[in-house]
Amino acid sequence: MLNEWLYIGLFILVAAALPGVAIFLAGILAPKKPNLLKDETYECGIETVGESWIQFRAQYYIYALVFLIFDVEAVFLYPWAVAFNALTLYAVLEGVLFILILVGGLIYAWRKGALEWI
Amino acid sequence: MIPTSWYLFVAAALFCLGLYGVLARKNAIAILMGVELMLNAVNINLIVFWRYWGAKEVAGPAFVIIVLAAAAAEVAVGLALIISAYRRRHTIAADEIDALKG
Amino acid sequence: MNFLQVVFILTSAVTLGAAVMVVTSHRMIRAALWLVLALFGVAILFALLQAGFFAVVQVVVYIGAIAILVIFAVMLTRHAMQDEGAQVNRGWWAAVLVALGTFAGLAFLLLNWAGIGSSLGELSADEARKLIPQMGQALVSADAYVLPFEVASVLLLAALIGAIYIAREKNPQV
Amino acid sequence: MTVEWFRDPVNFITNWLNQFLLGWGLPAGVVAFLMNLIGAGLVATGAMLFCILLIWYERKLYGRIQDRLGPNRVGPWGIFQPFADMLKIFAKEYITPRGADVIPYNLAPILAVAAVLLIWAVIPFYNGAAGANLNTGALYIIAVGGLGELAIILAGIASNNKYALLGGFRAIALLLSYEVPMVLALLVPVLLARSMGMNDIVQAQGDVWYIVMAPIAAFIFFLTSVAEVGRAPFDIIEAESEIVAGFNIEYSGLKFGMFYVGEFLHAFTVSVLFAILFLGGWRGPFVDQVPVLGAVWLLVKTGVTYFLIILLRGSMPRYRTDQTMSLAWKILTPLALAVLVLTAILDKALVGSSDLVRGLALVGMNLVVWFIASRLSQASYRRSHPVEPPIGHAPVINPLVDEIGGVLE
């Protein structure tokens, strides 16, 4: 068990090192001639007005919110699906009830127009 | 072979850091982050004691999942409240949001 | 000092360091990014504890969803604090005292605990694999945790409805 | 001995190397560490190098779809084109915009590639040759996908550019929306196999592939995978003509190249995942006798899936953002939930019956759900797009024409 996680851990290091080393090497090879105009924020040639951190609509937040709830729901359901053989029909219906309660949330979000992209 | 106490001390330190964040920070989002750290410390403890008792009883892990749901609900509603408060009063300093009526 | 212990010490050092940055960082967006690192460190601790399921769940839920939600919220309310000036209350020293006192109390309890000298060996593969099916069964069986399971779903539903109701803009102006 | 070598080369070489290193007198722990490091290094580098070939293949095919020749100058059939491109991009200057947050800014392209590469850690190439046969494989894939989203957020925040930030947030909103049906669709094969391990899921597809038993889940997984990659028709998140390329606008040189490579590799990786989860992975004729043949079958199935993804990219127009979002939330998510619930109930209700009955019931259920879903979506389309005949013209019947707003004269 721990051996598999050792592999995953080493894989994380390797997977980060590969692009990291490539980017580092290219940084050595590539020319470095920065100037004021070149380092300007790119806005299709127009000068940037105001600060770059503009205000956002709450719509983004609502998508992330619904996603979070369904993500947690899925985390509950994965062990349920793995243990499926050992479950009685009653236990399966408990899981289905769990899903149906959250479907109510989806319907609410839909009805309230929270899923519309404006 | 890692001593049980190491995990518990790390969890205790994480909990206290979170506690400091909750008590000291002004920004309401920072307070929520502190709460997240505290919940994580609790989760570590639950898993450590699951291992300590021989990984047979499933109570600890089951509780971790329930804590996860609670954390998700707390973050969702907490941040929604913060955003709403920001929209109405243009501040998210926890000590300035003191009126009960919007 | 074996390999696992070295990994543990490195991981917990990074985790605690990141946690310190979370509670002290002046820029909120930095604090959120440090939070991601701290959460990842906790995921590695779960993997070391051979609770692989929770290591993965930690990344899925905390990093993949909660941290992103926090970052969104930080960006949405960015103008409020301007990331300057005092980020802590006037009574911050009291908070330090309370946190240190809590840690001292917890340490005192731990040092007097009977199992303080124990250490966690390695589970066999079979034992570690049993966790997920066992938990799946326990969560839906009537003599275990079916009530918390269903209550959790109601809690999530309530959070979803409440948060959408609160966060929705009443008069959307484009 | 030679036969053994031929049948299962990976385990043969692993055992040999293990013995060799132990023979040197190294402690067992160090040997295990080295073996894992070598394995991880080989798989990761192999995937990266394979990606170069892939870029050539895709450009060639994409050219043919558009009635062009594609790359044909460098080497035979232009096969060395990606190498030339690589050399070029290595020599390009990095331009870091003023005010960029340097550490997250440089971390983002690394994370973008690493998040894709990490999926390769759990892929079973053939029976007995998987890096890590994690018992949480399916969730692991979701987790790694979350890291990819983090890379996009980092790029958006750190670039100090309005377009990057806006593009990053739009990308995240879209990716999160498509992750919901993806997670739910992934639950269906997990439920049918009773395991989250990737190799276990392949093992469980002995009699019949899951694309037969769970076609709707396969369909949803395929579409959401394409969306997660950010490919056409869901490429609004980095559409050059809409938001000047989105989150990666301020990246240049190899840092941009990493996002580009990450996208190609991701497209191939999701093809592998689809082949494993729904097309039986390494299963095929003679795999019991010669396990290594499984790698060939996996490659063939992956190739077919990848071909489909390229065809989709070549032939579909881009969806608008609101259409993309509606597809995720209002069609795919309810569909995934319905299929999940019905699969669970049917599977448990038919627990005593034979596999044939169970399979047929699942197929029938999928067909019924598909029929109902298509009827419902057609009805709702007609409700939201009432056909109003222009004065003096015959009513427009073709819905496609209606969609683009044109009128057949």
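For reference, chains read A, B, C and D in written order, and residue numbers begin at 1 within each chain.
FYI, a residue touches a chain if its C-beta (ideal position, glycine included) is under 8 Å from a C-beta of that chain, and two chains touch if they have at least 3 such contacts.
This is a predicted model, so every value here is computed, not measured.
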Problem set entry | Chain nearest the overall C-alpha centroid of the shown protein atoms | A
For this session: Give the chain pair, either A-B or C-D, that is connected by more C-beta contacts.
Result: C-D
For this session: Mind checking the centre-to-centre distance between chain C and chain D? Centres are C-alpha means, answer in whole Å.
Result: 29
Problem set entry | Between chain B and chain A, distance of the C-alpha-averaged centres to the nearest whole Å | 21
For this session: Return the distance between the CA-based centres of chain B and chain D, expressed in whole Å.
Result: 34
Problem set entry | Averaged-CA centre spacing for the pair chain D and chain A, given as whole angstrom | 15
Seminar exercise, completed: Touching at least 2 other chains, the residues of chain D are 33, 134, 139, 142, 165, 169, 172, 176, 179, 196
Problem set entry | chain C: positions in contact with at least two other chains | 2, 4, 48, 50, 52-53, 57, 60-61, 64-66, 68-69, 72-73, 75-76, 79, 122-123, 128-129, 132, 134-135, 139, 152, 156, 159-160, 163-164, 167, 169
Seminar exercise, completed: So chain B residues touching two or more other chains come to 65, 68-69, 72, 75-76, 79-80, 83, 87
For this session: Enumerate the contact residues on chain A facing chain D in the complex.
Result: 3-8, 10-16, 18-20, 22-23, 25-27, 29-34, 38-44, 48, 52-54, 56, 59-60, 63-64, 66-67, 70-71, 74-75, 77-78, 81-85, 87, 89, 92-93, 95-96, 99-100, 103, 106, 110, 115-117
Problem set entry | List of chain B residues in touch with chain A within their complex | 65, 68-69, 72, 75-76, 79-80, 83, 87
For this session: Within their complex, state which residues of chain B touch chain C.
Result: 1-10, 12-21, 23-27, 29-30, 32-34, 36-37, 40, 43-44, 47-48, 50-52, 55, 58, 61-62, 64-66, 68-77, 79-84, 86-87, 90-93, 95
Seminar exercise, completed: As the complex stands, chain C meets chain B at residues 2, 4-5, 8, 12, 15-16, 19-20, 22-23, 28, 31-32, 35, 38-39, 42, 45-46, 48-51, 53-54, 57, 61-62, 65-66, 69-70, 72-74, 76-77, 79-81, 86-89, 91-92, 94-96, 98-100, 102-103, 106-107, 110, 115-123, 127-128, 131, 134-135, 138-139, 144-145, 148, 152, 155-156, 158-160, 162-164, 166-167, 169
Problem set entry | chain C contact footprint on chain A (complex, rising order) | 1-2, 4-5, 8-9, 53, 55-58, 60-62, 64-69, 71-73, 75-76, 78-84, 86-87, 90-92, 94-95, 97-98, 101-102, 104-105, 108-109, 112, 114, 118
